[in-house]
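Would you mind keeping the following structure in view while I ask a few things?
Chain nomenclature is as follows: A, B and C, assigned in order of appearance, with residue numbering initiated at 1 for each chain independently.
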Amino acid sequence: MVKRLGALLLLLAIGGIFTSLLVGYVPDTELNDTARYYAYHTAADIGSANIVTAIVITYRGLDTLGEVTVLFLAAAILGLVLARGRRQAQARRALTPVGELLTTGSRVLVPLIMLLGVYVFINGHLTPGGGFQGGAVIASGVLLLLLAGPRKPFAHSLIAAVESLAGVFYVVIGLMGLVLAGGFLDSRVLPLGVLGALFSAGTIPIIYTLIGLKVGAEFSVMLSDLAETEELG
Amino acid sequence: MSLLLTAMTFVLCIAMIVAALVSILGRSLPIAILAAGLVSLVASVLFVILASPDVAMTEAAIGSGLSTFLFFFVLGRVRGGERDGEDESGSEHG
Amino acid sequence: MIHLAMATGFLLILIGFYGAVSNRNILRMIVAFTIADSGVNLVIVAIGYMPGRTAPILDATVKAGYAAARIIDPVPQALVLTAIVIGVGVTALMLAYAYKLYEKKRSLDIAKFTELRG
């Protein structure tokens, strides 16, 4: 009871802080200096129509490399933690067969879902979307495959190869920026092209494609690791 | 136009808070997981109104889609753990 | 509208915290954490929003030279993009550990895990 009371008091304190923040908040009417710099310079310097993409890939490219690394570590630790349960589960596995509707539907839908994912990350510098969103769409296609054919062996080695090759090429393109352009992960290795064209914005479409493949592979590994665990209880 | 957007924001905010309360206070764990997915989905609509289509796409694909499935994979594996920690049925597992 | 979205975000954080401290089931605690996560993202996006402006994407209506007067702040959006992706990685890790704990004790009740109690 004392514990519950303490929790409520803590929540009241946090709620009080939030209320004072909310009451004292006055929305900006002008962009701040950082945002104004990005708004003025993105079109000329980076050539990307989507300013968020320019920030994620080029201005703050190192952060994104770190983010992809964190995601890779999360997937790797997940595999490590669940390793024992998975081996046992593969040995004795009796699953109920999935329906005809799901298997046929997955055959029609999976290529379309993959195509949508590729579209989303290739157009990341022009439209909303990009590598992370496209990667998640691709992983949902893999999820549909996992649900439709739980007996089929999951292509772990293929996914791992895609994942590590995409990571290596991402770093190689970053190093090329160090040599040929202004710095690590500078996207001006290739010509900037016309603002709004598909082949523009230097290496941003290539980097986002690699990120999309890497993120899609990492989410697929997470999903398959959790899907292949043994049922407890 | 602005009035319509404000009204939509209001409705979406109410829907999010109700879904969050259902998720926290409801009895059934599958419904709690689905309600948390609904919070993410409504949040992604709200992100579109707040002029952030990039964030909306990410939230809809990752926050609402993939994480709900992660929860259901684990929930399917831990049969019998659903009602652990509740005051009435907590003792029968002991 | 900003204040409405922000208040909702703060309320979601509080609801998530309450769920995390009041439930004893580990899976329910993780669900509560994802709700608090959504609330944090909503607050950060609301901070970047400015009324009457559009998304930070240059096109025919938002010309490159005049963008600073027409778009909202793109930096919070880039931040939240990262936060969502990392958030699902953290959720997956928490779920994996919940599975391992259930494997050990066959229970998801946090009160049953007494080894670390001083």
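Things worth noting here:
In the analysis below, contacts are C-beta pairs under 8 Å (C-beta built on N, C-alpha and C of every residue); 3 or more make two chains touch, one makes a residue touch a chain.
Computed from a predicted structure; not experimentally measured.
In the assembly without chain A, touching between the remaining chains still links all of them into one piece. Set against one another, A-B and B-C show the most C-beta pairs in contact at B-C. Work out the mean CA point of chain A and of chain C, and you get 16 Å between them. Averaging Cα coordinates per chain places chain A and chain B 20 Å apart.
Once the centre of each chain is set as its mean CA position, chain B and chain C turn out to be 11 Å apart.
Within chain B, contacts with two or more other chains are made by residues 53-54, 58, 62, 66, 70, 73-74, 77-78, 80-81.
The set of chain C residues touching two or more other chains comprises 7, 18, 22, 49, 51, 55, 57, 77, 81, 84-85, 88, 92, 95-96, 99, 102, 106. Shown for chain A are the residues that touch two or more other chains, namely 50, 52, 128, 132, 219, 222, 226, 229, 232-233. For chain B in complex with chain A, the residues that touch the partner chain are 53-54, 56-58, 61-62, 65-66, 69-70, 73-74, 76-81. Residues 2, 5-6, 9-10, 13, 16-17, 20-21, 23-24, 29, 32-33, 36, 39-40, 43, 46-47, 49-55, 58-59, 62-63, 66-67, 70-71, 73-75, 77-78, 80-86, 90, 93-94 of chain B are the ones that touch chain C when the two sit in their complex. Listing the residues of chain C that touch chain A in their complex gives 2-3, 6-7, 10, 13-14, 17-18, 21-22, 49-51, 55-59, 64-65, 67-68, 71, 73-75, 77-78, 81-82, 84-86, 88-90, 92-93, 95-97, 99-100, 102-103, 106.
The touching residues of chain C, counted against chain B in their complex, run 1, 4-5, 7-8, 11-12, 15-16, 18-19, 22-28, 30-32, 34-35, 37-38, 41-42, 45-46, 48-49, 51, 53-55, 57, 72, 77, 80-81, 84-85, 87-88, 91-92, 95-96, 98-99, 102, 106-112.
Within the complex formed with chain C, the residues of chain A that make contact are 4, 7, 10-11, 14-15, 18-19, 21-22, 25, 27-29, 31-32, 34-36, 38-40, 42-44, 49-52, 55-56, 60, 63-64, 67, 70-71, 74-75, 77-78, 81-82, 85, 127-128, 132, 195-196, 215, 219, 222, 225-226, 229, 232-233.
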